[in-house]
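After this come two complexes, each holding chain A, first together with chain B and then together with chain C.
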Partner chain A sequence: MAKGTVLGRHPVGMILAAPYAVYIAVIFAYPLGFAIWMSFHDYFFAAPGAIVDHPFAGLDNYRAVLSDPGVRQAFANIVVFLVINVPLTTGLALVLAVALDKVVHARTFLRVAFYVPYVTASVAVVGVWLFLFNSNGLVNTVLGPLAPDPSWLVNEHLAMPVIALFVTWKQLGFFILLYLAALQNVPRELYESAAVDGASAWNRFWSVTVPAVRPATALVVILALITGANLFTEPYLLTGGGGPNGASASPVLVMYQRGLQQGEPDFAAALGVLLVIGVLIVAYVNRRLIERD
Partner chain B sequence: MKRTLPAVLMSLTLAAAGAAACDGSGGGDAGQANAATGPITIWLSNNQEELAWGKAMVESWNTQHADQKITAQEIPAGKSSEEVIGAAITAGNAPCLIFNTAPAAVPQFQKQGGLVALDSFDGAAQYIADRTGGAADQYKSPDGKFYQLPWKSNPVMIFYNKDIFAKAGLDPEKPALTTYDEFLSAARKIKSSNAAQAAIYPAPTSEFFQSWFDFYPLFAAETDGKQLVQDDKAQFNSPEGQRVAAFWKTLYDEGLAPKEQYNGDSFADKKAAMAIVGPWAIAVYGDKVKWGAVPVPTSTGKPAEQIRTFSDAKNVAMYSACQNRATAWEVMKFATGKDQDGALLDKTGQMPLRADLTTAYPDYFAKNPAYKQFADQAARTVEVPNVPNSVSIWQTFRDAYSASVIFGKQPVADAFTGAAQKVDQLASGS
Partner chain C sequence: MSRWPTAVRSIVLFLGALAFLFPFYYMLIGSLQSSPDTSVKGAFPTEGLTLDNYRDINSRVDLLGSLVNSGIFTGGVLLGTVVFGVLAGYALARLHFRGRGTLFVLVLLVQVIPFQLLLIPLYVLIVRGYGLADSYLGMILPFAVNTTAVFIFRQFFLQLPDDLFAAARLDGAGELRILWSVALPLVRPALLTAVLLTFIGPWNEFLWPFLVTKEAGMQPLAVSLANYISNVSSRAANPFGAILAGACVLAAPAVALFIAFQRHFVSTDLGSGVKG
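For the complex of A and B:
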């Protein structure tokens, strides 16, 4: 705001940035602020004109969230999901990106093949996975007597891992693209120098590629974490609303059930705020760990 | 998927902001609105047969009331009608009437200030009592008012597939299904003979309303008509409730009822030999399935004429966004008069909630004997309790039922005791 102009030293820049700033304020900052306000009040949705009271509730909603066994289970489920999904996504995406970077034939076809699940609507793809993993599905038919009992999607130990696999598979194309872009920036001389020094293919991968794409890895891990924390569609559709018996419920699914189905938006808002704080903390820790030099 | 958390937060907030922004304007003056006449909008169920009835009803009204025309549309698509209606109430754009209001959702809509008490219209309470009789009391809210007009029920019974029963060596015309033991024995025969993949296949998922189609009809029968909650107290943690739960648990434990969600209609697809459904399904099954129907079982095999069951009723409610409420009330009466009720019965097979149902339409039941037993059953139905936090109460019960009966993770007694304590709290409004 220097030099006396209302729009600061770069008025054109401010004007160009304004639409996005307004968008962020209206679509993100205001809802988040309102959700925080809701989480501290006894709030429910009311018709226009209805005279209703929304008294300050202090930390009551947060206490209710933290003491709810369904919420605790949902957070535990998401930990299982992240433990499987994040390393698998990161590892597979890097390995496949390196392989795709080297492949000569059918490169475009392979890139598209990995990317197609990412751009396909979850609802459509979930139908295919239901066909694969239900009791009489293709997977169990192939496995025969080795098929798990209870079957995948109604097995409390397997439902969340199946969802984690599904999300890994679906998101992989996007993360491969991130790594492919990062790989273009790795100087070829590094590989040549390593080869001259007698480094094996594994050593070149481990000592050159992995450190060189570390910024991309940080991004991939954080995005995978955020994706996992926001998990909703898959437990909603693949396991019939977080089944069996809540074994695949996610915090966002619980938010939806409590906030919109059961008319407790104050509880849902408190859960949402805690989730945002949790994701920010985990993302910060990750960043510190992965981006350290 | 990545945007889901912001999306849910946004949905919550925008709904709230919508309410705040319109505060004090959308509802208008109630007294003035109650006397106002003019065009109105109504929403209808998307069930094809019901939609056909609704369109004909609207046409009939519109030809007689050029200055008070009805505009009808299907309830907008959503996971459930209740969510869509709840959002419309908050946004202030609910229609005048919805001919598919679930009684379980009424307490929540009422709390939102979304419903008009019908008692504010002259003679409304008397009209409801005259049409529906004593059963109408089940639809009164705790404040003693009617926020819904009892419209039609779909008393649920056990449908069975005659071909599958014959294949399993069971009598397809008069199957023995009156006691729990008889039912279980039939179910075991169906399974062991591979006549069908499942004996019965109620949805094992955790939505709050799923208990209406497994536990609740049998609970109503076993208790001679108790609701899930009465006098602000949970009723399911009782010997009767335990017996019903034990019956279903046996079906799940022995694999006679699958624990996995079926995508589609397992009875229509002939994957299940039996289903718990109301008469709306007759038109849907058509000639696809050779079916029979019997009352739900009880532990002692009560006679059919004593069996009570879940009503699966849908009612008509007037929403507070309505400006021309005098017209809306007249439409309510028109659409639930003897002629329109007869047309509804004829087109959909669903039972108007009339005390004189069987005597009012003798020709219909003479021509359609299959529906007669549902009409008899309609006289002995049990509704969901009209209490605060109704949806949360059903969800609490469903969670306990899923954990103990379907998935066996907890003893039924423990799960029901815990749920009953929570339900007592919720029913008292806290």
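For the complex of A and C:
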């Protein structure tokens, strides 16, 4: 049976995997290299067909990005976003998953209710949040004199928290699903022995469930982090392009504005590289913190 | 088992569920109001509902054309995801060939690279280099192969018993035939879950098709509705009504599909992919 030892036992596997490998080379590896190359060169959009030089620029693009007040603001905004979104997402998703796991009646209704924002387009639900949170919206009507002034989406202290809340609501179903999957793998004996020891429900949750789903928590935190780093649609539509005064701008929104609208793709490429390095560092630190024994 | 008061838990869950569903209810109500009524009473109307907003949005955004564009975009992505994903996933799980280890490392690495890093170079290549602006191919290309899907399909195929493949090979079946008639039928339920989860991505995707399509006739509904929200809505008679009518049209297919197939969105199928 051992034929074709040079190509392996099933050379046909190379043919099956080839389209994927070629695709990765063309759509990932090449653009990835291009992005990094672009970030070190003076790159600009030229007229079609024109042959232009793109001289080596060293760290100029990176210097421009790091000293740009709009970029700094965008990164600070993402920190605000993460500080609100990540604890809220992990906490709510785990508590709701534990509760949903035990529920007997109306399982389907409850599951659908919590997942439905996740399956709906951001653009569609942004529409209704605009309706709810605009200055004459239902939220302010209900709050009456307690309504913030300026209103939520045009208030520089509230625009980013509203976006963080929106994304938490939108993505929570997916994270509940991840936790539900993790809960299926928690050995029941752990709960039984904890019950025998007379642990309260809260103690069982805290000393059995939370440690048992720790790998899922690490995943949830990393995915929430990536969602935050990718934020675009919400600041673009919900707060009219990162307003007010850039108080809700995100790095990807700045990439779009500077790179494509204002024609500085080299600046945007350097910003992208820095953003990814930032995500990798935070993800690594998070991994060390959550997965330590 | 649990000494959590069950009633309290149920009440909290139901209140949470209602809070989660309320924006959807309000979206529908808002799309039927003849003028925006943001009072509490306006959220529970008894009369005065109209379909005018749907007519209004349809006169400004070609709803049907946009839905067709969304459908073609989503269909193309799904086709690529399933075909390339199954082939590569099967090869990685079940076949021993030279370079398999390297390819699998690649699969893991690619998942670490976020899309935003590729945004600018892909735009430069696809829109400016290959001239694929305002084309379905330009929209589909970056999503046509989904590495996460490759990884998940690999997990599906790994879970099948070895004996099955040994027996089929003993019977002299070729690898493609084993994939088609033995492996695929066995992973069909998992495949359906993967297709449903993949559907949401391109149907709801905004940023990339927004960059690629400038021509209104080529835009998927998410893009044309977003453009309506940011540009045109100020001139409509009832801007919120028209926006919400468009939002309902955009949300309906994904929500309907999800409710129809909700029992396939089960944690175990996904869990097998996530556990790695």
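Before moving on, here are some points about what is shown:
To be clear about the criterion, the second predicted complex is superposed on the first by the 268 of 293 C-alpha atoms of A that agree within 3 Å, B and C clash if a C-alpha of one lies under 4 Å from a C-alpha of the other, contacts with A are read in each partner's own complex, and residues count from 1 in each chain.
Going forward, a contact is a pair of C-beta atoms (placed from the backbone, for glycine too) under 8 Å apart; a residue touches a chain by one contact, two chains touch by 3 or more.
What you see is a predicted model, and the numbers here were worked out from it, not measured in a lab.
In the superposition on chain A, A:129 makes contact with chain C only, while chain B stays out of contact range.
Of the two partner chains placed by superposition, only chain B is touched by A:153; chain C is not.
Of the two partner chains, neither chain B nor chain C is touched by A:196. Of the two partner chains placed by the overlay, only chain B lies in contact with A:257; chain C stays clear of it. Of the two partner chains, chain C is the only one that A:114 touches; chain B does not reach it. Judged by the touch definition given at the top, the superposed model places A:10 against chain C, while chain B stays out of reach.
Once the two complexes are laid over each other on the shared chain, residue contacts for A:269 go to chain B and to chain C alike. Set against each other, chain B and chain C touch different numbers of residues in chain A, with C touching more. In the superposition on chain A, A:244 makes contact with chain B only, not with chain C. Residues common to the contacts of chain A with chain B and with chain C across the two structures: 27-28, 30-32, 34-35, 38, 45, 48, 122, 130, 136, 226, 229-230, 232-233, 240-241, 252, 255-256, 259-260, 265, 268-269, 272, 275-276. Against chain B, the residues of chain A that register as touching in their complex are 27-28, 30-32, 34-35, 38, 43-52, 70, 122, 130, 134-136, 150-151, 153-154, 156, 167, 223, 226-227, 229-234, 240-246, 252, 255-257, 259-265, 268-269, 272, 275-276. The touching residues of chain C, when paired with chain A in their complex, are 1-4, 9-10, 12-14, 16-18, 20-21, 23-24, 26-27, 30, 36, 38-40, 42-43, 84-85, 87-88, 90-92, 95-100, 103, 106, 110, 112-125, 128, 141-142, 144-145, 147, 150, 174-176, 179, 200, 203-204, 206-207, 211, 222-223, 225-226, 229-230, 240, 243-244, 246-248, 250-251, 254-255, 258-259, 262-263, 265, 267-268, 270-271, 274-275.
Partner chain C is touched in their complex by these residues of chain A: 6-14, 16-17, 19-21, 23-24, 27-28, 30-32, 34-35, 38, 45, 48, 96, 99-100, 102-103, 105-106, 108-132, 136-138, 140-142, 169, 172, 177-178, 180-182, 184-185, 191, 195, 200-201, 216, 219, 226, 229-230, 232-233, 236-237, 240-241, 251-252, 255-256, 259-260, 265, 268-269, 272-273, 275-276, 279-280.
Per the touch definition, chain B reaches chain A in the complex via residues 1-6, 8-19, 22-28, 80, 82-83, 86-87, 89-92, 94, 108, 111-114, 197, 203-208, 258-261, 263, 320-321, 391-392, 395, 399, 402-403, 406-407, 409.
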